[in-house]
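Chain lettering (A, B, C, D and E) follows the sequence in which the chains are written, and residue indices restart at 1 in each chain.
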Amino acid sequence: MTSGATNWLVFAGAVACWELAARLAGSVFFPPPTDIVATAVRLWFSGPASQLFLTDTVFDDVLPSLGRCLGGWAVAVVLGTGLGTALGRSRTGMDYVGPLFAFFRAIPPPTLVPVFMVLFGLGPGMQVATIIFGAVWPILLNTVDGVRSVDSVKADTARSFRTPAPYWIGLVVLPAALPKIFAGLRLSLSISLILMVVSELIGSFAGIGHQLISTQQNFDFPMMWSWIVLLGILGYGLNGVLLTVERRVLRWQPTRNDDV
Amino acid sequence: MPKLLRNLTGLIGFFLLWEAAVRSGLVPEVFLPPPSEVLVTTVELLSQELFLRDVIATLLAWAIALLISIGIAVPLGLVLGNVAWLRAATRAIVEFLRPIPSVALIPLVLLVVGGGPEAKIALAVYAAVWPILFNAIYALGEIDPVLLDTARACGTNRRQLLTSVALPHAAPFVFTGIRMSAAVALIVVVSVEYVAGAASGLGKFILEVSSSGMRMDQVLAGTVIAGLIGYLINEGLERTGKRLFRWNEATGRTT
Amino acid sequence: GLLGGSEEASDSGNGDLEKSKITVSVMPTIDLAPLHLANRNGYFEDEGLTVETVNAPNGQASLTKLINGEVDIAYGSYTAFFIAQSKGAADFKFVSDASSAGPKSTMIVTKADSPIKNVQDLAGKRIAVTSENTTSDVLTKSLMKTNGVDFSDVEWVFLPFPDMPNALQRGNIDAAFMTEPFITSAAKTVGAVPMFDTATGPTKDFPTAGYASQAKFAQENPKVVAAFQRAMDRATRESEDRSKIEPLMVEFAKVDKEIAAMTELLTFQSKLDASRLQRVADLLLEFGGLPKRMDAGSMIAQPAAD
Amino acid sequence: MLEVSGLNHRYGQGERAHVAVRELSFSVEAGELACIVGPSGCGKSTLLRCIAGLIPPTEGSVRLHDDEVTGVPDDLAVVFQDYSRSLFPWLTVAKNVEFPLRWKKIGKRERAQRAQEALDAVGLAGVGTKFPWQLSGGMQQRVSIARALASRPALLLMDEPFASVDAQTRFDLEDLLRRVQREQQSTILLVTHDIDESVYLGDRVLVLSSSPASIVADLTIDLPADRDQIATRESARFVALRGEVARLLQGKQGQPGTATDEAERELTASPGDVPH
Amino acid sequence: MLEVSGLNHRYGQGERAHVAVRELSFSVEAGELACIVGPSGCGKSTLLRCIAGLIPPTEGSVRLHDDEVTGVPDDLAVVFQDYSRSLFPWLTVAKNVEFPLRWKKIGKRERAQRAQEALDAVGLAGVGTKFPWQLSGGMQQRVSIARALASRPALLLMDEPFASVDAQTRFDLEDLLRRVQREQQSTILLVTHDIDESVYLGDRVLVLSSSPASIVADLTIDLPADRDQIATRESARFVALRGEVARLLQGKQGQPGTATDEAERELTASPGDVPH
């Protein structure tokens, strides 16, 4: 019924509590949401009409950052599902690269940024590389997991028909693994956003992450909160889009239909 | 043991590639020392007590953070995965909070909980909760309805359904989540030490040696150790998982 | 403990001082040498003070530790203190000076084969500084302004010092503002050439960093502040002897021994001087880092008279 | 005890809706064993699910002991048609059988013993420590029967419980079921495709029409309560009854004995072949 | 065509190993329909899996057209006992049936048509656009039969394919199967628990012993090739043959009545209850 309404009611309630708490505490570090919104409006929506009232920072910082984030994520998706499928189906493949992946996965991206700078130089290349590097693991791991969990009877059925590899992958393995792959996709999407910020920490002169850091360093808290909130909104929006796609793709699932 | 051999093949292959890239001059050695050099430094570091203390500090913070994350995320995931309206009601908040990078929260966390180990633990928990939570919710969506009906027909009530059917069914996938979270938590702990500083920790070590300039070998040694720790943790968890969830391997159940 | 948390020691006043043990947040930079020297040689102890240092990776973290009460005194660059004060993040009082730019210690560095030969050539180039409204930022801008160079179309690239040589080498940037010991190590590793000294003319002896506490602390512990200052004075005087500093640089700032020997040192200071500090605030104001003029003098702590 | 009245069930909504059960009414007395027969896809499993409270009927009601069934009633056990999917793959066979006892106040010892007895009863002694996926199909089906029996339910719903077991085992299980019914006074509703089985087992046979299910006939089986696989199946009354059920299934309830068309002949094909 | 010799299969290793099939040898001619009967859990499904090349036998060999089976042979279709788990829930019923045709050089149109025909043949016209989980158990089972038939295999392995359908549909499907066998010259191996069915359907009946499976008897069914649900089942030869199979299943082939050892007694538990 009105699950959308309850959904937002809870959210609005949380925001109201925050407002109240912030007003009561009166700390400069935790400005009330109304201040943040006011700052945000000034920051992004006070531009000229010719730019649809969007300010320059939207075009210079927000959109390029978002582009890098989505671009990096897209590459991670292709790499992660492709490699994950291959490795999930191969009996020994994971033995070879599993440790290497575990090794890479545990390396904190911030400490790798200097290395990526050496390899890719400053700029989008390094940033996208950082994003790909961090976002690929959840997809890859979940894909391997999903691909391995194909029901044994279904696997035998497909084998008994001598299903050629492409059909086997496309018609059996991937659909079976899709729910898990989607879990990975959603996780990695938010990791992409996180790494978008991390990769802009150094060596950049524009971008959401850069702005966030520079407001932090300037102790400009309402502004900093505006950027944080923007990240939340972006994450929410992107996730919403992904969820819609997921609903469509996984329409066949019996449980999902009842869930709507 | 052939599996171990295969494991090593992958790792050694990577190091050889790296060595070759540096030796051939493809990348400048000052900025990216070859693994032969880094490994020597790594071994040297491992014999220094001060460095080991750093490693231990990081590991402890990691373990605490992971345990807390599991404690929060598993029950929460089970509840959210089971109770559709609650899931819907909290979705906005969860989806809003999740993509906020822990690095963006560093200054705030430092202000609230101070710069002690609590800060890195808090941030690591914040980051590590999501993979477990999401995998739990997803796994629950995948339960075979026949299985659920069976349990309900056996007079299982909602809470029991959670612990006796939902949890074991979701366990393998939640475990994958825990494996991911283990990596994430380690990353965040080291990153926070690196970005925000700490009294001791691997990240602090890397920060110190990197901010002094040209000690890339030590920086990379620290990074390699972080990677090695991650590898060992993952290996341990994977083995545990295989042992715990033998039934899953054998049936590969999905609906 | 093993986690690396600090153990709170119960703390009662010792003798004359309001507090016998204080914590100071520090960064791994070379201008902290006097502090380490004072600790090493027991100058604080002589004053009845125990000083515990806490590492912070950057100025912002150091200030945050001060703001959230984790430390009593923070080391930081003056620009950061002024900006935080102007945003109302805290009320700071400077308790000791630390360093100011000496000759050849804050330089614009380029590659050997760079076409940049004089300050005018910097216009429209990609120049690395650590961040906006930092000492490196204002000093670079000031240098260009003094030389009548328009810096409005400079592409500023924000990089930590250690990453600058690499970026320079790869051609990602045309020039970089660096301090010691990075200047020396960049010269050694990538053959970078220090071109222009930013601390000349109006910015000669420009104050770079100092120690501050929260106003409340300074007010409640005037004797501690005075003791801290005395010890720092003593150590700073001794720091003029370079041989005493170099091993500390290697130990605390993790600088290579060789490079430490070649480094141009900043000028170590301890005496706070209102008019000198005012230059920092004014320059920040000039380049848009501060919303309004700030009075540096009012931010200097008044220690108890001896 | 059980009263189904005006039951309707529709899957889906709008145009793609599918009516699986239409206007079904009947009641079953306590201690009775009622068999349900009907063509494939007519709605038998749907009916059982409604009775078990697993899905809410679209219309009509199910009453148990005069209480309307809204959730899953107490003291119920179901053997699902999809037996292999209804076993918990992470539990051993014995633990699977113990499952419904977990929530009852029964000591661990007794629980294990009851599970063991149930497994013995279905001829699966000695596989308790195996996992379900290590068993053959018929063995899995027997595990799910054992599980249902172990909980000693007041109402037992069984959806083609003997479909995957061999003839001999099937006979044994049929006798077991009648014994359990008598000893524990259980009420049993059993769906089967085997006409002989429905007559041999049941005190009543409900014949359902093809989709959507509605009741074609409600036959009381007036065979003696004590039945025997050989004697009973040989008796003239048994043969007559199974002929009747078969005819009813063909939709000829009106004129018995006038079986003429092809379809009917096929079904009542070989009265001489009944296993005696 | 198919030759199984010295087949052994053991699940697991070491102490917990379980021998499911022991020293099994037989051969099936091309175009023959062989029925396999045997007690539950004796190893029938395991045998089919070995023949299909899905699991490698521990010992012995399976030869098809004189080639040793190592992987899954060409032109094979299997109807699994676990029909509901063998359907792909993300594909509609029609797409499930089309599945094995996807990579054959068959136009889209014809593929859809063949699937439609196969669904019609099993009595499921009109459910092509539904998803498997929207069907009843018996319907799902028929979908998996339709899928196997649609691929027109040279060798068809069926594991209790009619277990969940009603009597009438079962008869229809049996006749369908014999028709398909004749028209397409398929070789069919069918596991069933229904003794009548095995005799009615088969050109041969292989009777397996209880676990681990070995061949008790290999009976040639010398009924006329053209069979009829009424006439055939009424014939004296049919009745004799089914009696023979039943007896063989009881393990009475050599010395009837001398069953002594524990294992055997368990199977023949209630001698009084044996049909006939």
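Following the convention adopted for this analysis, a residue touches a chain if its C-beta (ideal position, glycine included) is under 8 Å from a C-beta of that chain, and two chains touch if they have at least 3 such contacts.
Remember, it's a predicted structure, so these values are computed and weren't measured experimentally.
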### Summary
Label-sorted list of chains bordering both chain B and chain C is A
### Query
Which interface, named by its two chains, has the most contact pairs?
A-B
### Query
What is the chain whose Cα centre is as far as it gets from that of chain D?
C
### Summary
Cα centre of chain C to Cα centre of chain D, whole Å, reads 84
### Query
For chain A and chain D, what's the span in angstrom between their mean Cα positions?
51
### Task
Would you mind pulling out the distance in Å between where the CA atoms of chain A average out and where those of chain B do?
17
### Task
For chain A and chain C, let me know how many angstrom lie between their CA-based centres, rounded off.
37
#### Entry: Sites on chain B at which at least two other chains make contact
28, 31, 107, 111, 194-195, 210, 248, 250-251, 253, 255
### Query
Hey, what residues on chain A touch two or more of the other chains?
29, 114, 118, 151-152, 176, 216, 253-254
### Query
Among the residues of chain C, which are close enough to touch at least two other chains?
60, 160, 162, 166
### Message
Going by the contact rule set out above, which residues of chain E touch chain A in the complex?
### Response
49, 52, 54, 72-74, 76-78, 80, 82, 85-86, 88-91, 99-100, 102-103, 131, 133, 151, 157
### Message
List the residues on chain A that touch chain B in their complex, please.
### Response
3-4, 6-11, 14, 29-30, 92, 95-100, 102-112, 114-115, 118-119, 137-138, 141-142, 145, 148-152, 155, 176, 179-180, 182-183, 186-187, 189-190, 193-195, 197-198, 201, 212, 216, 224, 227-228, 231-236, 238-240, 253-256, 259
### Query
Which of the residues in chain A come into contact with chain C in the complex?
28-29, 114, 117-118, 121-123, 202-205, 210, 213-214, 216-221
### Query
chain B touches which residues of chain C in the complex?
2-6, 27-29, 54-58, 60-61, 64-65, 67-70, 160-162, 165-166, 169, 181-182, 185, 188-190, 253-256, 259
### Message
For the complex, give me every residue of chain A touching chain E.
### Response
151, 153-154, 156-157, 159-164, 167, 171-172, 175-176, 178, 252-254
